[in-house]
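Read from first to last, the chains carry the letters A, B and C; within each, the first residue is number 1.
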């Protein structure tokens, strides 16, 4: 099944790629890899989940925030690649949770992003991951996620 | 010398690869690179070093925690590659220390992981590195380390 | 224009590569990629910007700290590559800001590094990026930045 069909079937809407909030690119395709910049849980141009996970944002909301970060990753990937079916697989997610010293459940939060990628890409969405706690994140976001994908070579054009 | 012989000579035991604690893979081999997910200082299924480095965990124990993370990285690499001698070299470690605002000695802590990789791989274990302080880490771990290796191509089979 | 000429024109001095502060390499060139270790805002062997951004270090100074990290990245790249014109492009920056819970403007701080790379490399300096807040950084540094570049293949020597 095609990636965008999988998202539709799960009632998930691929967001329009947002411009970067500063002097960097949303992503870079190079040498068969696609690096996507850290995505915040932005919806309609605003950070939809702000504050400390475990205080201002509960685990369920934080999972939703991580899912939204992953949707924004796919939105950026589509803008760069033209077609999400050019993704070969997801290689690595870097997951950052805005939380206090007592927080221990980063893995559950980041599963919101990991589950979304498996929904979208099937087995090709399964990835390596690192998840850590941050003293703060840009714009007060509750979660931030970056990604590396491998990309299928473009077919050689018939001459 | 073979990687596992080096570890034995240093009285270090390669741990059995632990399953991931959530919906992600312990590592991904792709395009000649091996990405290993962030490893905690797990021993026999439990986090052996918990709490804040500099408070609950002193520097010497934190170095041991980082060494244990690196051993778990090699355990995961073996489970994925089948043979640690397929590693060409270690390229990058990402090191995360669970610590307070006053902590300054992340480099000494992460040397526990870096030294282990040099013991195991010799010059091929020398790597680029980033080390930062985190407000918290999964399961209260004192240290977390992720890694990227390059992998030798498999020999072409004789026909 | 050559990279070092661009720096001179902007009155920026390429620093001499500093040795790593611990058991790791300043960078690794492998498979067409160059991974540079996390660089601190070191000048003449000392951390020039220390403390919490937003408290001890204001945004303008923190941008300068990030710029200095990026200059040190280029200094390390030159020591490894021999010639900065071997850089094909900057792929990814990892940016870490030493800051408290209330801090929200990591993007402005990291622009100090991103702007410097665009000054030095032009369009080839534009990159993917992740920026997060850390509870502490090595040696009390205000900012730390790591980088990945792609490298031009060496020309085949005439026979």
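Just so it is clear, a residue touches a chain if its C-beta (ideal position, glycine included) is under 8 Å from a C-beta of that chain, and two chains touch if they have at least 3 such contacts.
It should be emphasised that the depicted structure is a prediction, and the values quoted were computed from it without experimental measurement.
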Go ahead and align subunit A to its copy subunit B using Cα positions, then give the rotation in degrees, nearest 5. 120
With touch defined as above, tell me whether subunit B and subunit C contact each other through largely the same residue numbers, more than half shared, or through different ones. different
Where the CA atoms of subunit B average out and where those of subunit C average out, how many Å apart are those spots? 25
If I count partner chains per residue in subunit C, which residues reach a count of at least 2? 100, 134-135
Taking the complex as given, what residues does subunit B use to touch subunit A? 20-28, 30-31, 35-38, 52, 94, 96, 98, 100, 134-140, 144, 146
Which of the residues in subunit C come into contact with subunit A in the complex? 32-33, 89, 91-93, 99-108, 110-111, 114-115, 118, 126-135, 148, 150
